[in-house]
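Common to both upcoming complexes is chain A, partnered first by chain B, then by chain C.
The block that comes next holds the complex of A and B.
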């Protein structure tokens, strides 16, 4: 005879039954791997080693003192600092223009939306090749045009001081479409009566209308766009791998590309794990700052 | 409509408006008298909000002109017309505090663009005095509306009624020439709506400004307004005091729209030469009318005749609805496909379903309309022709 189980127990078991599978899968696929990476970052483990030695913070010290490691970190920060604000600003500009254009030319507005969104949908590696052609130092269309106009023709991918900005430019081109769609969605839900109220209140120029209604009402959207774009910025990899391979002389090396090279080319798992943890901390910190500090200021409670 | 033209605060002259291929307004002319509370009443989609937006200057009419104080303001912005508007959804700026919301129209009107720059603007000479003066006026309005404790809060933290007051405050603060209110009470719960009705009426009296109040709720229009414009399908069907709309509806549509209980409308043939016609039995005649007619009878004006045979119409009780003070009796009319309602004192009522009842009514409470056009007909006393 089974002993009757109490109601609390029964409900507890039901909860476990419902949540358990998800927790197990999450643990196996996310939490445990993260933990392993975290632990490995304190070792000198290389793929194939029969034993591991704990080296404490040595890998982190190496990453932050080694000129190549520091190069990767600063490059990533430059990339994010250039790409994120430009992408957000340009996407906002494009979205507001296209939103207005939908009033007098819906067809053209739709066509341009699709055009701006194309880079998001396209295969980045193929697109990167197109960029390589266009930015070719001597026979690329960009430099040929510049030369014809009597301007200097920069070596977009081989100039060490320039290459990371070139990649940031491609990053902007690549993310504008996605951000534009998010902003368009944000613009579409701004209640029309707020613009009416602003007009009645004497907010007459497009400029003050933007600052009185549009910008404040886009606050939550902008925060979301900033978080998404910053995360994408820190993750930059495809363009580096397809166009420069981190070169010339590590001038376009980034955190994720370095992590790939150290981990999957040199099999220095410990070092790659340390890079991963640093990358993770950057993204987590940024997201925390953005959500923790700005959340309250964009939802107006 | 009297041609008071120049004594009006605002006039719409022959305005037409088409939105997305649909004609909303066609050749509409109306005026707003000074210090009057005008209600524009009508079902949704009748063009009343469109009319208000034209008055405000938020939209430009496709044809016709808007005049204020004898001047053509068709191309003027709302701010140039110095009108204030309260929106159904309040339309407060969620990122600004209550005080900033109320101050915004003043800041926009009185401060130069450079003085409006956050923080730095206040450092400019003169700006500080201006802002202090604006702050003083905002607090005065807030005190009047009893929202002083809320001044530093954001609209998101306020209840519907409080937001409503803030919206009214933002309209009041600039001392406008004309108040426009677009269904301002429809987002409030029933109890608050009644309270705000009283407050808005009081506010209108105190301010002495003309109010134009758009609503689909006849109770709001009838209780608050000095004058009601009943709109249907883009046209003003009747323009008059609330009492006129109830007692002398100009058309069948008005009769059907106005009244707490819907009016009974009975389609009948012409009474000419018919001694047994219900109208003739009521002692009314229509010597100049030949076609079919619609007889309008308000449930509250109908009585039961002492004997079933005495009434001008006869019917069988179909349903009784108890309302507390009154009972609504639904009768199926003898020989007609129509049912009528009559309102009876609940205490006096001793009817049961299936009873035969004769209907009685004062002949002055009978409304007659042309069955074709819906226009009001004027009967003469005396039976037969």
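The block that comes next holds the complex of A and C.
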């Protein structure tokens, strides 16, 4: 005969029964692997090795002192610095224009929305091939046009000083559509009466309408877009892998590409784990800063 | 008592294995299905036809040789390695260093007979390390010279007396480059493998005999690196990436292009009837022709199984694939050069193929004459330093001084590989 269980116990057991499986799966698939990566970053483990030696912070020191490691970090920062603000500003511009256009030409507005969204939906590797052909230094359509106009024809992917900006440009092209959709959603829920009220208060020019109503009301959307775009910027990998392979001479190496190269091409799992941890810290820091800074100035309704 | 029991069990196991001999199953790993999928199927079918007691199971392929080795390493950790694997010629040493490959010398047994069966010293060298045979080459490619005869003619040259020295080639490249803004003279990849090719042409080697030191900063190495610099300064080598050049040559805007012979089919196909893709051998600079070699890309077979019964079946499979019948299937389907000299000498195998593909004969002859190992740098940083070499070549091909750049590179590589 079992002793009767108290009500608190029963509820506790039910909670465990409901939450337990999720916790177990999360632990097995997320927390434990993250922990392993963290531990590995303090070792010199190589894929296939049968033993592991702890090397303390050596891998981190190597990442920040090795010129190639440092270049990966600076390249990533340049990429983010160029791509994130441009993508957000351009997306905002496109979204407000298209939102306005929906008043007088809904069909064209819808068509342009789809066109801007296309890069988001398209397979990146196929798109990368198209970019590669268009930006070919001598037989690509872009440079052929530039030459015809009497302008210099840059080597978009093989000029070491230029390549990271070319990739940032493609990054902007890739993310505008997604950010535009988010901004459009934000614009759609701004109540009309706010504009009417502003007009009553003597706000007449389009610019001050934007500045006093639209922009503050888009605050939460902008915060979300900024966080999403910045993390996407730090994660840049596919374009690098498909278009430049980090080259020429590591000129377009980024953190995540370096992580892939060290771990899966060089088999240096310990070093790759250290890069992963640094990458994680970057993204976490950035997210906290953005939330901290922007949250104060965002008006949630 | 316990050990007697164990022996009895083992004996029982052996008899069981013996009675099941008709059904030896071997698992095969390969990479790059876009090139190999059909070929692998044909090889397995042809092998099983002549060896009905062996079943070949083909693992799902890896996307590239790099991915393939990764997967094999993971499978080794998990304890489910395949029995035999096709790996990149420059990558089997990764498996050897982790003691996963089984030495093949006990199976070769009679070396003279083996050589007679088409395994020349040059071809055997592709799978040897420190005197032991760890791998057998299955397909090969070396760096050849692709030229565009139309551009050559427009620049005042002719295919009949095409220059055979690098000086002559650079002079011709400059004339091609002068034809117009959209025409480029010459291009070579800034990549470890291409550099080793030029180095070998000068009779140099990247590493010394026992692989304890870097030797690409020798005179031969500096001469090879200087070619990169001269191609840029005198021959009009543009600032291209590998894929830029691979688009420009078939488009007919690049005159001379040093590239792997494995791309022959692709170039011929995409050039269409714009011009006639023509292959010439890479010039040999060193006086003593026997000292020249060209690092060979492609794939090799390694034996991975520990099971004696399976090892026998795997060896039969390896001999079949690398023998003349296997080589015929591989050459006809992939365009790679064969790794068995019999098919080059005996026209009954590939005579008709070479008749229809004279370019292939040039490329395959170069493999037979000058195939050499694609040196992989030893140790944990071995793959990483090849990217450092590529980066130094980029600098040289954009104007940096070849000698000082190469000297700095050699020092960096020595430090990385722990050679000082």
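Quick note on the criterion: the second predicted complex is superposed on the first by the 299 of 301 C-alpha atoms of A that agree within 3 Å, B and C clash if a C-alpha of one lies under 4 Å from a C-alpha of the other, contacts with A are read in each partner's own complex, and residues count from 1 in each chain.
Operating definition for what follows: contacts are C-beta pairs under 8 Å (C-beta built on N, C-alpha and C of every residue); 3 or more make two chains touch, one makes a residue touch a chain.
Since the model is a prediction, treat every value here as computed from it, not as a measurement.
Asker: Please tell me, clash or fit, for chain B and chain C sharing chain A in the overlay.
Answerer: Partners fit side by side after overlay.
Asker: For A:159, select first, second, both or neither according to whether it touches chain B, chain C, the two together, or no partner.
Answerer: In the superposed model, A:159 contacts chain C only, not chain B.
Asker: Contacts for A:191 in the overlay, against chain B (first) and chain C (second): which applies, first, second, both or neither?
Answerer: First partner only, chain B.
Asker: For the superposed arrangement, I'd like the angle with vertex at the C-alpha centre of chain A and ends at chain B and chain C, nearest 10 degrees.
Answerer: It is 150 degrees after superposition, to the nearest 10.
Asker: Determine, under the contact definition given at the top, whether A:204 touches first (chain B), second (chain C), both, or neither.
Answerer: A:204 sits against chain B, while chain C stays out of touch.
Asker: Using the touch criterion from the header, give the chain among chain B and chain C with more contacted residues in chain A.
Answerer: After superposition, C is the partner touching more of chain A.
Asker: Considering only the touch criterion stated at the top, classify A:85 as touching first (chain B), second (chain C), both, or neither.
Answerer: neither
Asker: Who does A:213 touch here: chain B (first), chain C (second), both, or neither?
Answerer: Only chain B is touched by A:213; chain C is not.
Asker: After superposing the two complexes on chain A, what is the shortest C-alpha distance between chain B and chain C, in Å?
Answerer: 49
Asker: State which residues of chain A lie in both footprints, the one left by chain B and the one left by chain C.
Answerer: Dual-contact residues (chain A): none.
Asker: Okay, in this complex, where on chain C does chain A touch?
Answerer: For chain C paired with chain A, touching residues are 66-67, 70, 73-74, 76-77, 94, 98, 100, 181-182, 184, 190, 238-241, 243-244, 247-248, 251, 253, 380-381, 383-384, 387, 390-392, 394-395, 398.
Asker: For the complex, give me every residue of chain A touching chain B.
Answerer: 191, 193-194, 196-204, 208, 212-213, 216-217, 219, 299-301
Asker: Quick one: which bits of chain A touch chain C in the complex? Just the residue numbers, please.
Answerer: Touch residues, chain A against chain C: 46-49, 132-133, 136-139, 144, 147, 155, 157-160, 244, 247-250, 261-262, 264-268.
Asker: Going by the contact rule at the top, pick out the chain B residues touching chain A in the complex.
Answerer: 53, 56, 58, 77-79, 83-85, 87-89, 91-95, 104-105, 108-109, 113, 116, 154-157, 170
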